[in-house]
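There are two complexes below, and they share chain A, which is joined by chain B in the first and by chain C in the second.
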Partner chain A sequence: MSRLVIGVFADEDHVVDATRDCRLAGFEIQDVYTPYAVHGMDEAMGLRRSRLTWVCFAAGAAGCAFALWFQYYTQAVNWPINVGGKDPWQMPAYVPIAFELTVLIGGLTTMLALFVRSRLFPGKRAKLPAPGVTDDKFALVLLQRDSSFDAERARAILAQHHVERVLESGGLS
Partner chain B sequence: MSHQVYSKLREPLVTGDVSLHQITEQACAPLERRAGLTWWMAFALALTALGVGAAAVTYEIATGIGTWGLNKTVGWAFDITNFVFWVGIGHAGTLISAVLFLLRQKWRTSINRSAEAMTIFAVICAAVFPLIHMGRPWLAFWTAPYPNFRGPLWVNFRSPLLWDVFAISTYFTISLVFWYIGLIPDLASARDRAKSKIRKFIYSIMSFGWNGSSRVWSRYETAYLLFAGLATPLVVSVHTIVSMDFATSVIPGWHTTIFPPYFVVGAVFSGFAMVMTLLIIMRKVVNFQNFITVNHLENMAKVILVTGSIVGLAYSTEFFIAWYSGNEYEGFTFVNRATGPFAWAYWIMVSCNVITPQLLWFKKIRRSVPMLFILSIFVNIGMWFERFVIVVTSLHRDYLPSSWAYYTPTLIEIATLVGSFGLFFTLFLLFCRALPMLALGEIKSVSKFGRKPRHPELDDHSKPAAKQPGKSTRAHQRETAHV
Partner chain C sequence: MNQTKLQFRTGPAAPKVLGVLAAIGLATFAAGLIQDAPRAWSSWLLAAFYFVTLALSACFFLAFNYLAKSGWFVALRRVPEAMTAWLPVAFVSMLVLALGTGQLYEWVQPHGEHAHVIAHKSPFLNQWFFAARIPIYFAAWIFLSRKLAANSRAQDADGDLRHTVSSWKTSAAFMVLFALTLSLASFDWLMSLDATWFSTIFGIYQFAGLFEAGIATILVVVILLRRRGYLAEVNDSHLHSLGQWLIATSVFWAYIWFSQFMLIWYSNIPEETSYYLIRSQGEWWTVSFIVNPAVNFVLPFILLLPRAAKRSPRMLLRVSLIVLVGHWIDLWAGIMPRLMPQGPTFGYVEAGVTLGFGAAFALVILKKLERAPLVPLKDPYLEESLHHNI
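Presenting the complex of A and B:
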C-alpha cells in the first residue's frame, strides 16, 4: 500500500526547486498540483514532451485527405456538374474546404485526445491533494511505495525549500 | 510565465500588488455577488432589443423576404452587411487569444477570456443573417453535403458561399473549443470556492474534475499551443473566404484581388474596436481596472491605429486601381461611391475608419479612457458602413442605367439589426454573471511580471551574490539579473 507525502508551498519558485531536488534525490514524484501552468515544471519533474502534437498532425492530415477525397468523389465522380465546360476537378477551388476540415478535425481530435489522455470528463470528481491548489497553493506529492522511502530526507528537502506544511495521506480523495 | 528575470524596464501587467488569492477573489467576485441594478438594467435593455429583433425575424419568416427593402437591382443589402459586420467583430477574440499567444504578448492574459466570449457571441449573431436570408431557414440543412435521394445531388464545393458555411462553422467550433479549454482550470477555481451546493455541482460538472496536476498542465499547454497554431491561419481564412463571396463575382467594386487582406485587416480593426468598447465598460462596472489597465487599452489602441491605417491604405489602393486599370465600369463604381447617392455612407466610413483613428498617434489620446471609448464607437460605426458601402453601392447602379435603384432599409431590417445587438449583449451579460471573465490561471502566471520579488530573502542586496545554502537556483538567477 503506497502512501503519499504532500508538501504545500506558497510560491512557484520554491515548488519548482523542491520538485527538482526531490527528483534528483531519487524520490518518486506522483504529481505537482499548481493553480497555473508553472514555467519550468516539466523540466523539474522530468516529464517527457507531450505527444499531442503528433495526434494533431495525424488528425489534421487525415482531415485534409478526407476533404480532398470527398470533394473529388462528389464533384468529379458521383455527380459531375458541367460548368462552362470546365474540368470538374479544379484543385484550387477545393483548397479552402480542405483547409477548413484540416483545422476542424485536427482541433477536435486534439481536444478529445487531451481529455482522454488526462482522463478529464464532465462530472468527474476532482481529487485535490490539499485545499487551495486551484487558488494559490502549490502541492508537491511524493509517492512512498515501500520502506526504502526516506521520510526524514524528504521532509528535509521540503523544509529547505520553504514548505508551508507537510501532509501525509493514503491517497487522494 | 517565465519571469525569473526581473527588469526595471518592464512594467507590471497587473497593477496593485495583489496576491494569487486576491486575484481569485477579485475575478470570481462578479460571479458570487448578487447582480446589481446596472446589470439588471443593461440586461433588460438587451433583452428588449432581442425581443424586438425576434419579433421582426418572426414576421419576416412568416411573410417573406419582401418585408425587406431589397429590389431587383439591390439584392444584397442590410442582411449581408450585418453578417459581414458580425463576422468581422468575431475576429478579434481569436486574434487576441491565438495570435498574441504565439507572439508571446503577455498582456493578452487580462483580456483574452472576454474577447473570446465576444467572438463566440458575434459569430452566433453573424450566423443568424445568412439563415434568415435563406427565406426558408428550416431548409438550412441543404447546405450540408449529405447523401440524398435527389441523385444524390451534392452541394457545389466550388462556390465561395459553401466555403463560407464550412469556414464559419469551423471557426465557431474551434473558437468554442479554445474558449472552453481555457475556461476549465478557472471553472475549477470557481468550483473549489463555491459555497452553495448548486453552484458547486454545476461548476463540478463543467470543470471536468480539474485538479491542477502538472502532468495535465503540461499536456494542456501543448494542446493550447496547438489550438493557437490552428486558430491563427483559421482566423485569416475565415474573413478571406467571406471576402471571396464578393471577390469571385464579376461585379465592379467586388471583383478585386485586394479583398482578402483588406477584409481580414478590417475585421481585426472592427473586432478590436468592439473589444475596446466592451472592456472599457466592463473594467469600470466590475472593477477590473488593475487587471485591464490603461496599458492594455493603449496596446489595443495601437493595434487599432495600425489596422485602421492599413484599411485607409486599402481604400486608396482600391481607388487608384479603379483609375489605373482603365476599366471604365470599375472607375464609375468608385466615383459613384464617393459622389453618388450613397456618398453620405461613403464619407461616414472614411471619417470613422481613416480620419478619426489617426488621433491615436497621440499618446495622450491613447491613454485617455473616454477618448478611446468614443473613438472605438466611431470605428464600430465606420466598419458597419464599410460593409454597407461595399455591398450596396456596388450593386445599386449596374450596367443598365434603366435598372438603377436606390435602397432604403425597412423598419423590419432595422429591427433585425437592433435584435442582433440585443442577442449579443444578452449573451455577453449572461457570460459576465456565469463564468469567470478573466483567465485566472493565465493572469496568476504573469502577476509577478515586471515586479520585484515578494520574498524578503530574495530582496536582500547586501548579501553577496554567491549562492547560499537553501537558496534556489531560480531565486539566484532572479537576484543576479538585476544587480
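Presenting the complex of A and C:
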C-alpha cells in the first residue's frame, strides 16, 4: 500500500526549490498544494504541457463546422429564405453565428473536459494534505510506493529547504 | 546586468545607408510628381500614414501599459519610446501632404453628379481647415508622447516615483485625445478620398491596423536588438507576451475589418456600397478579400497558435514581417483603387516612397535608441519585469 510524505512550507520559493530537488533526487511527486498559482512550479514538478488546448481547438473547429452546416441546411436547403433579394447561401451572413458557436462550444467543452479530467464537480469535498494550503501554507506531497522510498533522504531534502513540518499519511481524505 | 550592453551603438555604415535610401525615396517621389502626380501623392499619403500609425501605436502601447500599471513591459519600454520619436518627422510629412490635396481629394474641386453633395460638406472638408487640423492632431500626439519619454528619462537620473505617477496621468489624457484625434485624422486623410462615402467604424478600423502593426514593429526591433546582444533582460516570456498581443490584435483587426464589410453588405445602401463596389472588381477583389485577410489575420493567427511559436524569436520575426507587409497592403487597398479602378498596379513610386520613409523611420529609431540606456534602470517595476514568467 502506498503512503504519502507531506512537507508543509511557509514560503513559495522554498516549496519550488524543494519540489525541484525531490524530483531530481528521483522521488515521485504526487502533487503540490498552494493557495495560488506559483510561477515556475510547472517546471519544478516536471509537468508536461496541458493537452487541454487541443480539446479547445478541436471543439472550436467542430462548433464552427456545425454552425456553418446548420445555417446552410436550415436557410438554403430545407427551407430557402430570401432576405433582401440575396441568394439563400450567403457566407458573410453566416460568419457571426459561426464565430459565436466556435467560441461557445470551444469554451464550454474545454471547461467540461477540465472538470471531467480533474474529477471536479459541484459539491465535491476538498481533499487537503494539511490545514492552511488554501490560506498561507504550501504542501509538497511525495508518493511512497514501496520500500525503495528513502524516507531519511526525503526528510533531509525537505529540511534543507526550511520545511515547517513533515506529516505522514495513508492517503488524503 | 551587463553594463556595456546597456548603451546601444549603431555601426558606422547604417546611418549612411539609411540616409541614402531616404534620399532615393525623396527622388522617386519627385520623379513620380513629374510623371503622374496623383499617383505620387497617393504613394506619399500611403507611406506617411503607414509610419505615423507605427509611431502612434508605440505611444498607445506605452499608455495602456501605464494605465494598467503593468510591470512586464518595463524591460523593453525603451523601444516604443524610441518609436514615438518619429512623430515630429511624421508631422512634417503630413504638412507636405497638405500641399497635394488638390491632386488627391475630390472635395477640393467637386465636380460630376455628386458635386452638390460634396459642396455641402465644405465647412469641414476644405483645404484651409484640413491643413489647420494637422497641427492640432500632432500637437496632442507629440506633446503627450514626449512627456511619457521625458518622465522615463528623468527617472533614470533620480528614481523618483512621481515620474511614474505623472506618466499614469499623461497616459489617461492620451487615451481620450487619441480616440478622438485618430478617428478624425483617419476621416480626414483616408476616408475623405471618397468624399461621398462614409463609415462610422472607419476610425476603429484604422486603429485596429495601427495596433497590430505597432506590436509587430516593437517585436521586430526587440528581436533584432536581442540578436546583436542587446536587451538580454528581455526573456522568452516577454516575447511570449508580445506574441500574445500580436495574435490578439490580428483577431481584433479581422473582427473590425469584417464588421465594416458585413454591415455595408447586408444593408446594401448605394452610398455605402460604392466603397466595396470598386474593391470587388477584377484583381482588387483578390487583394481586398483574399490577400488582405490572409496576411493580416489568417497567417498570423494560425502560425502563432502554438505556445512554442510565441516564444520563438525566428517565428515571431517572420510573422511580424508578414503583418508589416499586411498593414501596407491594407492601406494600399484602401487608398489606391479610386486612382486605378482597372486593377492594382505596383510601380517604382509606391516602392520607392515607402522605402524612403522606412529608411528615415529606422534612422530616427536607431538615433533615439542611442540616446538612452536600453533599460529604464530606476523604474519601480523593473524588478518585476526582469522576473516576468508566464
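One rule holds in what follows: the second predicted complex is superposed on the first by the 170 of 173 C-alpha atoms of A that agree within 3 Å, B and C clash if a C-alpha of one lies under 4 Å from a C-alpha of the other, contacts with A are read in each partner's own complex, and residues count from 1 in each chain.
Methods note: a residue touches a chain if its C-beta (ideal position, glycine included) is under 8 Å from a C-beta of that chain, and two chains touch if they have at least 3 such contacts.
Bear in mind that the values here come from a model prediction, so they are computed numbers and not experimental data.
With chain A as the common reference, chain B cannot sit beside chain C without a clash. In the superposition on chain A, A:D17 contacts chain B only, with no contact to chain C. By the touch criterion defined above, A:V32 reaches chain B but does not reach chain C. When the shared chain is aligned, chain B comes close enough to touch A:T134, but chain C does not. Of the two partner chains placed by superposition, chain B and chain C are both touched by A:P96. Counting residues of chain A touched by each partner, chain B versus chain C, the larger count belongs to B. Touch criterion met: A:G84 reaches chain C, while chain B stays clear of it. After overlaying the two complexes on the shared chain, residue contacts for A:D42 are found with chain B alone; chain C is out of touch. The superposed model built on chain A shows that, among 19-27, 37-45, 343-351 or 379-387, the segment of chain C colliding with chain B is 379-387. Touching of chain A by both chain B and chain C, each in its own complex, is seen for residues 39-40, 49, 53, 93, 96. Those residues of chain A that touch chain B in the complex are listed here as 11, 13-14, 16-17, 31-42, 45, 47, 49-50, 52-53, 56, 60, 70-71, 74-75, 78-79, 81, 83, 90, 93-94, 96-97, 99-101, 103-104, 106-108, 110-111, 113-115, 117-129, 131-136, 160-161, 172.
Listed in rising order, the residues of chain C touching chain A in the complex are 258, 261-262, 265-266, 268, 305, 307, 387, 389.
Residue ranges on chain A touching chain C, taken from their complex, read 39-40, 49, 53, 57, 84, 92-93, 95-96. Those residues of chain B that touch chain A in the complex are listed here as 1-4, 19-21, 24, 145, 151-154, 156-158, 160, 162-163, 166-167, 170, 173-174, 177, 181, 184-185, 188-189, 191-193, 204-223, 226-227, 230-231, 233-234, 237, 241, 244, 440-442, 444-445, 454-455, 470, 472-475, 478.
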